[in-house]
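This report refers to the structure that appears directly beneath it.
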Amino acid sequence: MSLLTVENLVVDYGHIHALLGINFHVDEGEIITLIGSNGAGKTTALMSISGMVKKTEGKITFLGQDITVMKPHNIARMGISHVPEGRKIFPELTVDENLKVGTIANPRYEKQRSLEARDRVYTLFPRLKERLNQGGGTLSGGEQQMLAIGRGLMMEPKLLILDEPSLGLAPNIVENIFELITRIRKDGITILLVEQNASMALSVADRGYVLETGKISLEGSGESLLVNEEVRRAYLGA
Amino acid sequence: MKVRVISLVLVLAMLLAACTTTGTTTQPTGNETITFGVLAPLTGTNAEYGKGFQVATQMAADEINAAGGVAGRQIKLIVMDSKGDPKESSDLARQLVENQEVMAIIGDFTSSASMADVPIIDEAKITLLSPTASNPDYAGMSDYAFSVMGRQSDEGPFFSTYILGKYMQAKKVGIIYINSDWGLSSFKAVTDQMKVDGIELVAEANYVAGETDFTSVITKVKAANPDTVLILDQGAVAQVVNQIRTSGWTDVRLATLGPGASQQLIDLTKENSEGLITSTPFFFNEDDAPAMAFKKTFTEKAGFEPTVHPVVAYDALYLLVEAIKKIEGPITREAIAKQLATTEYTGLAGPIKFQPAGDVSRKYVIGQVKDGKWVLAAGYDYSTTP
Amino acid sequence: MSQLLVANNVSKHFGGLKAVDNVDMIINEGDIFGIIGPNGAGKTTFFNICSGVYKPTTGEITFDGHSLVGQKPEQIARLGMARTFQNIRLFKYMSVLENVFIGFQTKTRTGLADAILHTAAYKSDEQLIREEGLKVLDSLGLLPFKDTKAGNLSYGMQRKVEIARALALGPKLLLLDEPAAGMNQLEKQELMHFVIDLNKRGYTIALIEHDMRFVMNSCNRILVLNFGQKICEGTPEEVREDKGVNEAYFGKGLLVGRKGAAA
Amino acid sequence: MTQTLKAWFSDLPKAVRILIFGLGAVIILLIPRFLTSSYIMGIICRILLYITLAGSLNVINGYTGQFSIGHAGFFAVGCYTTAILSSNYAWDFWFTLPIAGILTAIIGLLVALPTFRMTGIYLSIVTLGFSEIIRLIALNWTGLTGGPLGIKGIPAPQFLGMNIRRAGDYYYIFLLFAVLFLLVTNRVLKSRIGRAWISIREDQQAAQSLGVELVKYKAMNFAYGAFWAGLAGAIYAPYINYVDSNTFTLDEGFNILSMAIIGGMGTLGGPVLGSFVVNILNELLRPVSAYRLVVYGLLIVVMMWIRPQGIIGASDSMLADDRTGADLLERLGLKKRRTA
Amino acid sequence: MDYAISILVNGIVQGSIYALMALGYSVIVGITGLVTFTHGEVMMMGAFASFYVFELFGSNILIGAIGSFIVCGILGIIIYKVCYERFLDAPRHIALICTIGASMIIKNMAQIVFGPNQKPMFGIFENQLIKIGPVQLSVLQLVILAIVVILALGLSLFFSKSKYGISMRAVSQDKTAASLMGLNVNANALLGNVIGCGLAGIAGMLISVYYQAFQATMGGPLGMKAFSASVLGGLTDSRFAALGGLFLGLIENFGIAVSSASFRDIFAFIFLILILIFKPQGFSKKGGIKL
């Protein structure tokens, strides 16, 4: 059974149609990527899953439970950790406090366990440990992204949603991040990834969906999409 | 769209309702009652005084009615809430004036509201008898405007000469006063006479209505080192007294002009007011049976103890009745006003006799707090009271 | 061909972040000038500097011979630069025609007294606005929607109205921020032809766009930004061949086994 | 409904339309002849006064989306100007009017100046602060304003040698200015200036990008609103005959504001209706006068819950957060969910 | 010299009460992102609550503080439900107008229920004076200072150490991110409102105890003071808000010393306007509750 299924999802912002009925599913242990150009509806799709957007039509199921109209914090507590676009770390909270926020809402929260989770994050991101008491806003872009992912991992999610993790990051750091993504998957966490850097995303993904103006135009394995000329054309206009 | 229709209907209905409710009151309905209007701030910052007016005038009316009314007619009061706002007050004055049954109006509490009513009552030739308006200009504005509170131009000099000068032997006086029409005219009246009497004004400080923190004002006056502090206010005297004493300034003598011999003041200040001196046209002397009776009934009805203000309002209604009794011929609005100007009456708060302008010169006595009670102070030459 | 907009060494820093870093740019009269780059590359920030929303941290911009340093957006608009926004900023509760009316702000002179007394100045202004406004709408094929509330139109239509509103200024330079975002292929095609057509009618145009097909087929010069820096500038052909652009834009594969596929 | 009414009206022959207008005008002009009660005329005068006051506040709050809550201050400036000039310097009432209006407009500009760097709430508080400062200055500047004693005996305006003092006569002055305000403002709003104001309300940044000079138009807007509030004050001074600072408290400011809010902002008709509703409600609630302000408060809250733009406010603007009302109705099951 | 010192002491004591008011205010604004006009009314209710607590349980200032905190906290819940919950992401003026309406309701209901007249507060402490060098202050003043300092430190500790404090700060900085992290934005905003109103309640108690009087109409000017003080911290930074309160108290008292108490509110407003002109965002960097 799929971990997450999205059926016929339609989202309107007033008179603007952002999503026109999309279907996809994420199976346990997979890395799934949604790619597409700006304004295609990728972020809207993710925001719908985590409950931040009012849906016009459609159904979203997670762990067999209908989460279509559930409140965002309850969805998060079910085990979906959404690392939003632009990172959105808490700038006035220290690195340590930022991570702590990730555990506060964890229903499995207990002191010992959260400390272990924090240690795991710090082993994953040694850079963060060095900046333990620094305000989140003072970190560099890459560090902020690490913090955002780390904060998401503190929730011990079943599904980690990453929205544009490479946004505005230098190429070597982007590589770092993607390396991390594969490592996180090895820990047994399913990942749903939205990326503009299509090549990078497809190269790590098991399956991918191409979104175009609110519709899914293509889907397939990461490899097959990576070599698909249609995808390249959509991106480079060749 | 639907909302627009509904709102339109709503407004029309309201207009209609407003017209009809007032329409009925303009019909005179026989002669068995005589109606007076009462304008008082039942809500807003002066509401406690307005409530006092309401209770005191109703008490007077009940008493008079129980005794058979006036000229064979029962008294009816229409009490209206002016919120102490001149706009409201003048609208209500219009409403009362329209009502042909209303023969005279008692009110309003503040001078500003009363003064806004003057043009209306002047045009309608109906008496406006304010128990408390003390703005020196108010009563002179119209032949139909009267005030019974007593003129600041009488009480101020009395205070300076007899209380500060002769009784307290004060040399250096600091004055704390409220920046209102009443406060300012009192301040002027007192200080003008102080110059004549050779009493030095070493410090003055004022504040606006609603002030609660007097520490800075007190500190300022204290710095001038007066031997006596005079507080000119009606509402906030207790707080000023309290804050003077709690600031550790215990060796200064305190006097106040305004609240009269108010029990509430003692309740609010407890031992801090010990020795406080005031001028008052009257106070609730335990020997004064009618006054004590008034106090008892008033406290029962109002839920709080009376100051001098409700007493004056109480007197005001009796005064009106007294005037009506003397009228020969039909009782009309004009006849009442005309008669009132020459009526003399001694109420709870002392004798009332109108000056040509339409206000009253009162006689004052000195009250002092001793052992938590107001007592009549002695030891001055009262025979030369102006 | 004269230089219309010249940016010299322009930088914009937000705290520690260098959103735009030492960018030079020259837009010539008659250009369709494209600015591309991945998300977060600083394109919109750069646009906002040009139109006066942000003050540059360093550098200077001249437009049509006027320095833009310290100029407010409305002053720059009055110099003849009009723009649209990435996330459409129409007056969405106003009708299409009213939206366009606002665009005539710089061309009219009605003062308070004129408005109250309905003087000749007022009447001629109103007439001008009405005639010209309808003309603009007509030229964009928006005439049938003139009384529709702008917010009720489809995405593509709203983009057009925003452009119409900008055209009302009679601009020397038209800045379009992601005009094709959210449109389907057909609408994009249509928009592209429309932009080319505008250009033929004499408007100089600068645009930010993600859709490469759109940019490659419409622009005559392209500036590529990444991390706030200029990584390439040239004709579409030059840009397409540029390896840095390819990587910056499409990204390069990470896993060794798949590298060949990404080439 | 109003649309069909409007359409029906404009379809009538011109002569009929003129007849209807003329008939309406005659009725309005003859009101004091029918309603001899000076109490009712007093209420009508008050309604007319607040049409100008709430209307001028609406020009600021409803049309440019600035949020001023210190309108009582402008009202005070106009009122005191006429009171001082006509009672201390024996100016004729009609000559004090332009001075009062212009002076208030200048004060309005002064208030607007520090607010250009501020947004929303800061601006609101500054206007409130200015209103209090004006009141306190009036209270303390005894030499000019009479301080706490106020100014009394403000001479009645003369018209054709007639003393205008009675509410029935004063009705015409209030009516004249309310109508003048509505006509003039209607013209301003339908011009380039009004459109600029509205564009600022709807989207400041977009307006700027189209060459709308923010500072200039906001300042002009503030001055314009203040001007009319000043005029309202000026005509009010001789009507009330006696001016003191107690008239211009913050509560008065909230009173004006509540009329604009309840009636509706962003339309000319809103404050007119608001003035009617609030002032008539004021009379109807007299028997329970203590609860009157509670009722206002409730009305304001309820209005924000179901119709944030007011009864007939601009439903086609950002003032109307259509989400709020619709959501509530949905939740109560009164309205079906919108589907695409 | 003595004169200047007493003004200083007056200013500091009054300023510390203002600081407490501002502290609560900035917590509310920080977490809801919306401004309130009800704060003064909440303080008034705090004064009444403490009065009845004193009457029922005796004149103990700590019990009074707890009582007024609880009562005003409950009031905070109601205010939140009426004025904020539905409007967290609506145009900002809607919630603002709602709070104006709510403050009218509270103020006038209080007048009807408790009566309009000024009431005396219980004397909690004897008129004892403490002299420290040239400085002279009363026991009451000392107690007030102590309470304010303890509350400010406690609040600071709460926000930096407790999980509720940290989640409230997170919510105040970024509601979207907080909600994606599983934090219940609504519950946190409600809690922030309860704490802010509770502090206002204690401030109301201190004012009525300090000035020995309270009444239903006392709220208006107090709310303005709380706002003015908070502006120094950009409305959301409680440290600067508290500092602003202290400043405001000093400025008022020195201003009155050189002019007249009639001008008190003018000083407060000029202080406010000057800050807004020269430092429109206050002295804090970015929105959100801060320590």
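Order as written gives the chain letters A, B, C, D and E; numbering starts at 1 within each chain.
One rule holds in what follows: a contact is a pair of C-beta atoms (placed from the backbone, for glycine too) under 8 Å apart; a residue touches a chain by one contact, two chains touch by 3 or more.
Being a predicted model, the structure only gives us computed values, none of them experimental.
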| note | Hop count on the shortest chain-contact route linking chain B and chain D comes to 1
| Chains shared as neighbours by chain A and chain D? | C, E
| With chain centres defined as C-alpha means, what is the inter-centre distance between chain A and chain E in Å? | 41
| remark: Per the C-alpha centroid definition, the whole-Å distance linking chain A and chain B comes out as 74
| How far is the middle of chain C from the middle of chain E, if each middle is the mean of its Cα atoms, in Å? | 48
| Between chain A and chain C, what's the gap in Å when you average each chain's C-alpha atoms? | 31
| remark: Multi-partner residues in chain E (2 or more other chains touched) are 108, 111, 260, 262, 265
| field | Residues of chain C whose C-beta touches two or more other chains | value | 92
| said: For chain D, give me the residues that contact two or more of the other chains. | reply: 136, 139-140, 290, 292-293, 318
| message | Per the contact definition, I'd like the list of chain A residues that touch chain E in the complex. | response | 50, 52, 71-73, 76-77, 81-84, 88-93, 97, 100-102, 104-106, 137, 151-152, 155
| request: Would you mind writing out the residues of chain E in touch with chain B in their complex? | output: 2-3, 6-7, 10-11, 13-14, 108, 111, 115-118, 120, 123, 127, 129, 136, 138, 140, 207, 211-213, 217-218, 221, 252-253, 256-257, 260-262, 264-265
| task | Provide the residue numbers of chain B that touch chain D in the complex, in ascending order. | result | 1-5, 7, 10-11, 14-15, 17-19, 21-23, 26, 42-43, 80-81, 83-87, 90-91, 94-95, 97-98, 110, 112, 115-116, 118-120, 123, 135, 137, 141, 179-185, 208
| field | Residue numbers on chain D that touch chain C, as the complex places them | value | 184, 187-188, 190-196, 198-199, 202-203, 205-214, 220, 224, 314, 316-318
| request: Quick one: which bits of chain D touch chain E in the complex? Just the residue numbers, please. | output: 67, 69, 114, 117-118, 120-122, 124-126, 128-130, 132-133, 136-137, 139-140, 250, 254, 257, 261, 290-294, 296-301, 304-305, 308, 318-319, 321, 323-324, 327-328
